[in-house]
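Two complexes come next, and they have one chain in common, chain A, joined by chain B in the first and chain C in the second.
Let's look at the complex of A and B:
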């Protein structure tokens, strides 16, 4: 407990003690707000640059810094000063509030995702379920936003998003179950600690594949970007968003991309473990960027699949593979093959 | 240096209950059904907060994931697909008195339950608290102390899953 100051002379040490406390630093600076805003802004630039390089273009260049790295700043300033157009007869309250709720939902999972042994905001016992619970609220917010725009393309996009995210949530949960069984805990810090000798991608390779496909669908990335299919639906469920509302939605989407990449790193790629010449958070971020790259690259390569194929893959193939994988993992654990790595 | 939260648990309880009850009333009274569904979601989140207050974080998380993440989605889906066209004017439904009567009955019920609890509460034999179970202890307890309900639940859920798969796989 910090003593609340009573005399004016105590106020400055009080403020300093708050700012230098571990709670404040983890909340506001490192895994917290500042880091998240910078990371999601950087990801927009990274995606544009990467796609441009794959397609033999140059990409952002003139905004300043090496390779136009200040492009997100320019975009942000531009979008803030643009007019916010709210469609005729749209639901104004929901149309303006849902983007903020989406940003909130995008940042919330980082409260339990560890970036290092001590670099975690809340070491929660049910961390993994917390992350899944917060991500499961996304689709309902998206469909409400799509409904509030009062326009047909956003509504179709929102319905598609709902179908897709609800269908792929279940295999995602079940494929993460084998990691929980291997680590024997739902605590994300404990899950990473259990990977000190062997990353879970090796004993649970099949669940990694299922999980990766599911997060591609959850993030509405190609080949699963039906909710924002440009040739059919203009821009999908955020067609009517403009100015600051558009920026808020994009921030939420890139936060979700960063969150899913970090979650993959924590669950399958050994989290902060790596050679000790770099600090732990750096290893987490390097692996996260590798996963994010793997998520982004298909956008430049693959066409999108049809709705019926998408639903069929989700409900009949992935679900069954994920369920079968639970039993495979049980057999692997009970056979004692992994005892050499302390599992 | 850690900064502990200096909020009394009673205040948290009162705030959570107020949010839950107000959102539940709004869910019934909202003219626009979408707002009703959102209020229902907020009410579920309030109940999840109450679970956290009762030292059951796992239950709270599943409450959010299942009720807010799935049940509210189902309700929204039904509202959007079955009801009026998007953007059409809201049609006034029924008499305003019906909802008010429901509120009165609910209020009377709440007051009578509170009265009963106030009368009978001090006279009840006090049972020692069961102790807080962590998530990892939950599994062994389910398997050793409650195997029959667990098996019945598992059968029910598998039947539901297989039924859903059969419905989805109907040949056209």
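Let's look at the complex of A and C:
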């Protein structure tokens, strides 16, 4: 409880009490804004470095620190000072504001995603639904941005993005249903607590596979990066983005990558659970980076699939597997096989 | 895939997904017979899914 200052002498203690409060620390420092900005910047460097290593290149090297780790800062400074070019007859308002909305949507799910028992901003009972609700707004914003660009390539990329994300959203939800059935809760903290004895990747392995493929498609990552297919669409739905707008879009995309990786960790990989020699949030971050690595690596390995194949896989394979998996999970729970682990 | 089966499947399964979540969090607390109804509901959903897939898998529709 913070007391509101009544005299000038109380102002400094009041400010200190706010800054040192758990709410302020979780909201602003960790797992809040500062952590998210640093994590998304780190992911841009990490992806470039990892892909370079796979392709026997050096990658970022000269921009300060070991391995050019300050490359994201250099990129950020460059993009901020570049001219923002808004296409002829583009909708200026939407073109300028949608990137900020996407950043907001990328950060919002972290309000309910726990990094430790007490490292969560809002312990919401419907946390999982909240995360899915916020992520499902992404495709709408992307198609609006693509339309606002008043250009053919972004519009085709935006349509592809919409079709792809809609097709893979439902298998993703239904695969997460197995986790909800095992934990008996939509609260993400409760879901992680239920994995204290066994991670859900073991009893719900099929769900994990479906979920992982779906997040690859949701993130438009290879082999599902049709919305930004360079040989066909220049850069897809963000072809016309430049300067600070391009930076904001990239920040939003990497925030989404971090968010999906963290969500996978929380749902299937035991969240913060791990040997006690490391603090809980460190385990969450280590597992998240492992998932992010698994998402990034295919970019250096696989070719892009065709659009009809992509939609067909989503609707005719993953959806049916996800639905069948509901029955399998029900059978597994009712058979009592998991009773030894308290499930 | 053509627009019609696409929209049909999305609307059906988007709504169903939310119902299934409501069942998923409470199925341990309700009698097994009630869960059977949900499973029956899921099997019934196979009809629109099969219809949509039949439309979708026609070569000329892709």
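In this section, the second predicted complex is superposed on the first by the 342 of 343 C-alpha atoms of A that agree within 3 Å, B and C clash if a C-alpha of one lies under 4 Å from a C-alpha of the other, contacts with A are read in each partner's own complex, and residues count from 1 in each chain.
Please note the rule applied: contacts are C-beta pairs under 8 Å (C-beta built on N, C-alpha and C of every residue); 3 or more make two chains touch, one makes a residue touch a chain.
Worth saying up front: this structure is predicted, and the values here are computed from it rather than measured.
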Clash or fit (per the criteria above) of chain B with chain C on chain A: clash
Touched partner set for A:254, first chain B, second chain C, both or neither: neither
First, second, both or neither for A:308, with chain B first and chain C second: second
Contacts of A:238 with chain B and chain C, given as first, second, both or neither: neither
First, second, both or neither for A:181, with chain B first and chain C second: second
Contacts of A:199 with chain B and chain C, given as first, second, both or neither: neither
Touched partner set for A:129, first chain B, second chain C, both or neither: both
Which of chain B and chain C A:208 touches, first, second, both or neither: neither
First, second, both or neither for A:316, with chain B first and chain C second: both
More chain A residues in contact - chain B or chain C: B
Which of chain B and chain C A:246 touches, first, second, both or neither: neither
Chain B and chain C footprints on chain A, overlapping residues: 129, 166, 169, 184-186, 311, 315-316
Chain A residues within the chain B interface of the complex: 1-2, 17-18, 20-24, 89, 91, 94, 124-126, 129-130, 132-134, 136-137, 139-140, 143-144, 147, 150, 152, 155, 159, 162, 166, 169, 184-186, 311, 315-316
Residues on chain B engaged by chain A in the complex (per definition of touch): 1-4, 6, 34, 38, 41, 57-58, 61-62, 64-65, 68-70, 72-73, 76-77, 80, 86-87, 134-136, 165, 168-169
Touching residues on chain C, where the partner in the complex is chain A: 1, 6, 9-10, 13-14, 17-18, 20-21, 24-28, 32, 35, 39, 42, 45, 49, 52-53, 56-57, 62
Complex contacts: residues of chain A adjacent to chain C: 128-129, 163, 166-167, 169-170, 173-174, 177, 180-181, 184-186, 308, 311-312, 315-316, 319-320, 323, 326-327, 330, 333-334
